[in-house]
Amino acid sequence: MDKTLPSLAAAVAGIEDGMTVMIGGFGGSGAPIELIHALIDRFIATGHPKDLTVVNNNAGNGHVGLAALIEQGMVRRLICSFPRSADPVVFTERYLAGQIELELVPQGTLAERIRAGGAGIPAFYTPTSFGTDLAAGKPVEVFEGRPYVRERWLKADYALVKAHLGDRLGNLTYRMAARNFNPLMCMAARVTIAQVSRIVEPGGIDPESVITPGIFVQGVVAVPDPAQEEDLNRAKAVYPKVQA
Amino acid sequence: MTDKLTPTQIAWRAAQDIADGAYVNLGIGFPEMVARFQPPGREAIFHTENGILGFGEAPPAGQEDWDLINAGKKAVTLKPGTAFFHHADSFAMVRGGHLDVAILGAYEVAENGDLANWSTGPKGVPAVGGAMDLVHGAKRVAVITEHVTKDGKPKLVKACSLPLTGVACVTRVYTSLAVIDIEGGRFLLREKLPSLTVAALQALTGSELHLTGPVADLIVPEL
Amino acid sequence: MTDKLTPTQIAWRAAQDIADGAYVNLGIGFPEMVARFQPPGREAIFHTENGILGFGEAPPAGQEDWDLINAGKKAVTLKPGTAFFHHADSFAMVRGGHLDVAILGAYEVAENGDLANWSTGPKGVPAVGGAMDLVHGAKRVAVITEHVTKDGKPKLVKACSLPLTGVACVTRVYTSLAVIDIEGGRFLLREKLPSLTVAALQALTGSELHLTGPVADLIVPEL
Amino acid sequence: MDKTLPSLAAAVAGIEDGMTVMIGGFGGSGAPIELIHALIDRFIATGHPKDLTVVNNNAGNGHVGLAALIEQGMVRRLICSFPRSADPVVFTERYLAGQIELELVPQGTLAERIRAGGAGIPAFYTPTSFGTDLAAGKPVEVFEGRPYVRERWLKADYALVKAHLGDRLGNLTYRMAARNFNPLMCMAARVTIAQVSRIVEPGGIDPESVITPGIFVQGVVAVPDPAQEEDLNRAKAVYPKVQA
């Protein structure tokens, strides 16, 4: 069994128009910038994939990564908790112009809905959002005297995640708070592609320290020195670079 | 010439259908034997409910580590790439549809795929373990079993008489006499021992065996 | 003599009520300042939604690691005993009632404890983050806020006019003028700036301030 | 902050008659034998605690650990998935004599109910047990054409768990498959007591490798060379030892 992939282009080749794609990260930490940029490259070359539904905690920052994906017009719908950032102009303009749909989900509910998708739990109850606009239309049930809102699982066709170490079996570790949504998205997608800073031999990750067991991962691609969104934005980077 | 397969031979036959790289959960007891018979060149990855993926075979006697056991509480070993996780993550793998195959034992299997394998009725102490999760989680649920009970009664039946483990969940049954698929609420005979006529097999089966194509010979090595 | 507390001073006051060993989540922005003012001899453990427990203060400029950030995307540091975890575990801590205190900002707080702090209405881009989880998860939900808006309108009101973050969730409000508890659907005045009469404070408050005992002086150091 | 406790006796001193106690482990692996035996010692000395509801995957094996707790008559009700073992005589006799109540729960549902208790999820839907006797009386709902059973959270007054390393903040690691239910039970109890093979300084556990963050743990007690239930049973041990 060898889940390693030869290139970023190969890693994103299966994503089709209209698919739901979960993209890991919280702000820039744990964001698979290189996978996102490979998807943009494919779109520029072929016109596909488009009309994507993207699941991410945020809505991009500046003009790289998720913001660049939105800027290309590839995203029809975004499911997120916090579409604000230091520089949210790309999303904000499209949203206010009615060019992108937004499903706003409380952050903990978003995390739990993704986990539920991965764990085969079609619905669960949470106290979160009870009595607010975000619970509108959702079933409410009282347990032990307290009202709870019923929320549905979230699943995806693809998940694109950023990990730290990976092996050919798909076992993954993460780096500090770059873990965030990544392990959950691995569980909830039909196909999970992980970019990793380093591919190690099976056994190169202590079995006690595996965060995502390989069963949740279908492809692993090496990105030895991954970009950090925060650094790109401080350097005012734009993707793709404007040709001179 | 055998008149029926041994449990080891049934396990061998079931192992032939496991693809390279498949994620597999084997039920406690008899199904555990399936792991021994992976065809050359294929490597399945075994999951155990108690939180290990990719474990290796049993250690030599005396070298057991009792923190490294399978769901049957038997000692196993590490392999390169093994991962540990807690029970909720383990059953996320099961319930979430991430396992390719679960192979379980059975008291009864009905022609609609219902399985009864956890309770022989109201007497005694009931125990269910992970079976009810596995039957509604794995992409493919197969059963390995004697074709009939020790008393000679059919285990493949029209409708289960014992408490159900799961509804319409089994899609293939490997027995001591035959390989039978379950599709559209019917038993479809795929393979049978060459020594046995279809009529003789039907007489040992509790509901109609359908033939939708040629029935292959069920040929298994001496083991 | 100040006529109102600075945000820093409000944060200082809120910090005085955090017990040694408390698990605390501080909202993005202004509430983050509370961490700076832990009283001597007390050590709270800070949680951030994005998967860190027990992190340390901000690193010097230029030494940030952008994989080590808080919910406000600001760089933090490791401390001995820090733990990382994923978002579902992080919100299990929140929703499961494991946090002792959450301290949040507010647009409006109603006398029944309703909080509005995520949306100023249908214009613009809505963003909620973890606030709706925190208000129904932490054992104690406190708000720190200016007593009135920039336009001089009360932020402590009879009923919120803005979209709610949570229903009947806030139990204490630290403002630039006073400390007010919410109990039984009423604002209970606990502390106020010595320079301010109760009548003057009432005039700046959108619903009745109840006095169930002596009102202490709200005294805060210059910061 | 120092959650370390001076003794096993101190660790179990707060458990009262009628409480619900989650006990970690899967069979003998991860079973906190010494904590259980300390509870038995207290019962023998004081007559308390009794009428306990115990949550465990199993029902004990031989005459040590959970089996010994049952043998003392301290357990009124057991919530478990698999009350069988190599030597289940203690539970079996009491159960067949009607002296102990049993709530049988499918193993994955048991795990998820405990996690739900810890995560503030009062109820969730699972395909598991649909159409079986174990779903009797439970609400059923169809999602996307498939029927699911609604299950409730499980919480406890106390959890007694076995970990490997622990620090004074309550951070824990486990040893191999001894992890099992332990991290979930830490989340679901009002008071979690962990016996650990070794107490390390804060920072002595890599922050990436913490399995149970300290927020879920209220007490840590050192048991440097913990007994393994399997070894005790092979040696035909009985607790408490019969006085000669």
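We just call them A, B, C and D in the order they show up, numbering each chain from 1.
Assume a residue touches a chain if its C-beta (ideal position, glycine included) is under 8 Å from a C-beta of that chain, and two chains touch if they have at least 3 such contacts.
Treat the numbers as computed from the prediction; the structure is a model and nothing was measured.
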| item | value |
| --- | --- |
| Intersection of contact partners for chain A and chain C | D |
| Graph distance between chain B and chain D, where chains that touch are linked | 1 |
| Centroid spacing, where centroids are CA-atom means, of chain C and chain D in whole angstrom | 37 |
| Whole-Å gap between the CA centroids of chain B and chain C | 56 |
| Two or more partner chains touched - positions in chain B | 84-85, 88, 91, 94-95, 137 |
| For chain D, residues contacting two or more additional chains | 112, 115, 119-121, 126-127, 174, 176, 207-208, 211 |
| Pairwise chain contacts under the document criterion | A-B, A-C, A-D, B-D, C-D |
| Touching residues on chain C, where the partner in the complex is chain A | 48-52, 64-69, 73, 84-88, 90-91, 94-95, 119, 124-133, 136-137, 163-167 |
| Residues on chain B engaged by chain A in the complex (per definition of touch) | 20-21, 23, 43, 45, 47, 53-54, 78-85, 88-89, 91-99, 137 |
| Footprint of chain B on chain A - complex, ascending | 1, 115, 117-121, 167, 169, 171, 187, 201-203, 207-208, 210, 213-216 |
| Touch list for chain D against partner chain B, complex | 26-30, 57, 59, 81-86, 88, 91-92, 95-96, 102, 104-112, 114-115, 126-134, 174-184, 211, 228-231 |
| Partner chain D, residues of chain A touching it in the complex | 112, 116, 119-127, 141, 143-144, 146, 148, 152, 173-174, 176, 206-209, 211 |
